[in-house]
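Chain IDs A, B, C and D follow the sequence of writing; residue 1 opens each chain.
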Amino acid sequence: MKTKIGFIGLGNLGTPIAKNLIAAGYHLQVYNRTLSKADELDQASITKCQSPAEAADGVDFLLSVLSNDAVLTDTVSGEEGILKTFPKNAIHISMSTVAPDTADALAELHQQSGSRYLASPVFGRPEAAAAKMLWVCVSGNPEIKEAAKPILESISQGVVDFGEGISNSNVVKLSGNFMIQASMEMMAEAYTMAEKFGVDRTKVAEFFGNTLFNAPIFKNYGKVIAEHKYQPVGFTTELGYKDASLVFKLSQQSKTPMPFAGVIHNRMLTAMAKGRTDSDWAEAFGRGVSDDAGI
Amino acid sequence: MKTKIGFIGLGNLGTPIAKNLIAAGYHLQVYNRTLSKADELDQASITKCQSPAEAADGVDFLLSVLSNDAVLTDTVSGEEGILKTFPKNAIHISMSTVAPDTADALAELHQQSGSRYLASPVFGRPEAAAAKMLWVCVSGNPEIKEAAKPILESISQGVVDFGEGISNSNVVKLSGNFMIQASMEMMAEAYTMAEKFGVDRTKVAEFFGNTLFNAPIFKNYGKVIAEHKYQPVGFTTELGYKDASLVFKLSQQSKTPMPFAGVIHNRMLTAMAKGRTDSDWAEAFGRGVSDDAGI
Amino acid sequence: MKTKIGFIGLGNLGTPIAKNLIAAGYHLQVYNRTLSKADELDQASITKCQSPAEAADGVDFLLSVLSNDAVLTDTVSGEEGILKTFPKNAIHISMSTVAPDTADALAELHQQSGSRYLASPVFGRPEAAAAKMLWVCVSGNPEIKEAAKPILESISQGVVDFGEGISNSNVVKLSGNFMIQASMEMMAEAYTMAEKFGVDRTKVAEFFGNTLFNAPIFKNYGKVIAEHKYQPVGFTTELGYKDASLVFKLSQQSKTPMPFAGVIHNRMLTAMAKGRTDSDWAEAFGRGVSDDAGI
Amino acid sequence: MKTKIGFIGLGNLGTPIAKNLIAAGYHLQVYNRTLSKADELDQASITKCQSPAEAADGVDFLLSVLSNDAVLTDTVSGEEGILKTFPKNAIHISMSTVAPDTADALAELHQQSGSRYLASPVFGRPEAAAAKMLWVCVSGNPEIKEAAKPILESISQGVVDFGEGISNSNVVKLSGNFMIQASMEMMAEAYTMAEKFGVDRTKVAEFFGNTLFNAPIFKNYGKVIAEHKYQPVGFTTELGYKDASLVFKLSQQSKTPMPFAGVIHNRMLTAMAKGRTDSDWAEAFGRGVSDDAGI
């Protein structure tokens, strides 16, 4: 008999994670706003639910992968939210990218109702999720982390522990997104400058991506930005702007002046102001720098 | 009988390169301002010279590895400069990090006196040079690049061609140094912010260096910055400031607004203003961000 | 028989305004968290109240001058807030510097309870308030503005109308504070640079304040910054940071990239991080720039 | 019999200054690259010259008003430069906006040839020059300043002394241009943000120009920027960019991090990159900010 766990959020990232959980032998009580998304999962291994509350009913674990703080908060504490049915001591493994104080507040709500919340945001694009190549960052109570580990290991290439502060892993996740955005800005600046000197920007991107900066971020986004190939859209400017705003807020809360974060924020804001809301976030950088340089 | 080539500049980088040339079977006519530096080379494989002109006399190739534009220019066209004796068609392989217009001007001077100049800046720290792990960037006339290739391959892990523009490779070199500096700034901002939220900054640096940003820049400087371990000094703030100024000048010449370059420039300038001229350039970033954050 | 009006907020700015209202012949129903502040007003012309609700009871107009959005919101809609007693059609003249969306929300609350809200922030330091030299910015419904005009004219040198958008005047107020902060930053940068070239920074400040920039901002803050005389504290860095954060938020809401606002924000944040929370905001700029310049 | 003085540079600013010198009773030995410009001066009061050397011949004083460092340097020390004929002890009153080190170098050259150089840059647009409303900044040797004073007073509303450092006044001049540019940027940011909130930007500009910021810079450029009325061109972006570059260089030389100077520099660079080289510099700010804000 398979172990039942709750699962909420069948977006680009959530869907491959759900598939891997099924492959690992779990039975999922699935909820998604557009429930038809669940049609592509193995029907024998899931139970479709009409609400978060239904998905949370009677399980020891529930995973959620949602798009922003408001949606996550509503999923937890809304009319038909998780907490309406979530069993005592059950653990909510929350993978969304949200602000640390949202995580802190949700952890508090779970505790009040006798259940537990684990901040466990992930790094990786949908393809990485499909290949079980995600990285999961966790933080908080050691016992909770220990209990959730087998599930997290079944969908990732590694689980990294950032200590006991409940929302530490959220801070790490946003730091990483900041570093990805900064990498795109730096490449756009460098490659555009080289181009204006008559150097082949694709060649430059390729060189750095294969030598000093031979990490996926620089290889993949380097190519995208050098060639101005922003289709298909992987991650929208709107979501990128959400992240940039959260990072700026972290800089405020922690009183850490971050001039790069300011540049990035303005870059995303300009893209939004120019109507590039639904474009890939790499375009906000790549096209933004070229625009300013008159090309 | 060994092939004789000229060699000028026995600094941190020049010395291991000279050793590799000797190992590859060349005999070096060596000049260095402080000639005693040549004592650590195999004496049977070198001839000590009293001037650049003497080192350039009668050779087909001469390599130079110098600290800045002024020194290089003087070495070429000064009283006892290379051009006083450099044979017709001989090739000057110039590895220094200099401005593109310095390279263009020097190429012109060589041509006027019948010899040839090859811009061939390198990426890599002294340890990389010792291990023949440098990357060499070349550009300019195909014939010159072809002729110099065997020598360059004997001291590096690869020679990358950036087209026929004489100083293209200088642009690439400065773009790379800009990207290294931007990487240090972004890490300093991210790790300091994480630290102020109570997250272990060393742990964060280690995580990114092993996953999304698993490239040497992020691994090595990430550790340095996370742990504030700026000893021993590898590359001084003064030299880093020189690079930042050159990048800023490139941004001006090419009319490419580069806001990150502005932030970096100010970071180096602040470090200089505070008397950290001789500290490692990583400290300018790592300590600079922490200073502003009040820690 | 004197007209009775409500008055809430006897801070540095509120007190001189209250005195001018009394001088203009009004009787004030006064509330202040520390009610003893009312002792310095003419006792025959005031009635001391124990709550905002009491101050708002039975009057046609109520003025409030409070320190931030949260305090103002609580004063309006809290347990013993204004709206508990405020008569139908009575007008709340709200002079605090708050976010436009706070003003919009409060206007909505007043309307729901049958009364009216007028955003009317002011420019001017306490001395200016005492001398009736404030400038009042108003916006919103023409009828409300017209009705409040006599009261506003009795405490200012002019009332300027910014149209019918309820919170337009709040936008103008924050734009002005942004411009004041930008003026301080520019002076600090210019005077510090001049100083480092050996030019007398006081002389420079005096020259500009008397010629091209002969406006109070540049005269007064120019002297303060040039001489590094930050005592007595007129306006704290904490309040300045509040304004800088609000401006940043406006830049986000309106999708207007404002790089100067980013610099200012970081300047205030650095001052806060270094523990200068209670210092004059001019010090955050004047000392901040000098710190970075190593002097 | 009238006193003869040399005069070089009949540009927008030089011409009204020349006219005022003539009105004050001087006879001018005039040189200008396009000599036909001299046709609009009173012919009885001038002698047209074919070179700087001819204009400098036999006079006690020579005034120059030139467009940049290179032109000024050539005018002084070129083939037919001033120094070829300039009498012993004669004083060169140099009004151009140039870098301090250019002024220092030129002062040195004059001294070597027995004459004297006075850095005396001016503030004011052509209309101000015509109305004798310029401000002159001087610095250097007290005796030289004293000797030149009557001439300077005859064309300005005041002569301000910035001490004995030869190029102090050049530093002040560039500081002032920096502050003017910063004022334009801040207005563009504030007025665009207000506009995006639905507030009338012209009304906002008018309010600040008449109240807190009632100085000419804010009144005049405030109107220009608020109304986007950049015709006729008063001062080109190209010249503005020259100034911004000089300011940046001063920030480097003096080791004073100036983040506003960085923003301004990028603003001018973007305008140049977009082909607005010959537009009014106010457009670089006004249009630049609006572009980024998508309007």
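Here is the rule we use: a contact is a pair of C-beta atoms (placed from the backbone, for glycine too) under 8 Å apart; a residue touches a chain by one contact, two chains touch by 3 or more.
As the structure is a prediction and not an experimental result, all values here were calculated from the model.
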### Task
Pick out the pair in A-C, A-D or A-B whose interface repeats that of B-C, meaning over half of the contact pairs match by residue number.
A-D
### Query
Which chain pair shares more contacting C-beta pairs: C-D, or A-D?
C-D
### Task
State, to the nearest whole Å, the distance from the C-alpha centre of chain C to the C-alpha centre of chain D.
38
### Query
Taking each chain's centre as the mean position of its Cα atoms, how many Å separate chain A from chain D?
54
### Query
What are the residue numbers in chain A that touch two or more other chains?
251, 255-259, 263, 266, 270, 272-273, 292-294
#### Entry: Residues of chain B that touch chain C when the two form their complex
259, 266, 270, 273-275, 292-295
#### Entry: chain A contact footprint on chain B (complex, rising order)
100, 123, 135, 137, 158, 160, 162-163, 165, 167-168, 171-172, 175-176, 178-180, 182-183, 185-187, 189-194, 196-200, 203-204, 207-208, 211-218, 250-251, 253-261, 263, 266, 289, 292-294
### Message
If we count contacts the way the header does, which residues on chain D are in touch with chain B in the complex?
### Response
245, 248, 251-252, 255-259, 262-263, 265-266, 269-270, 272-273
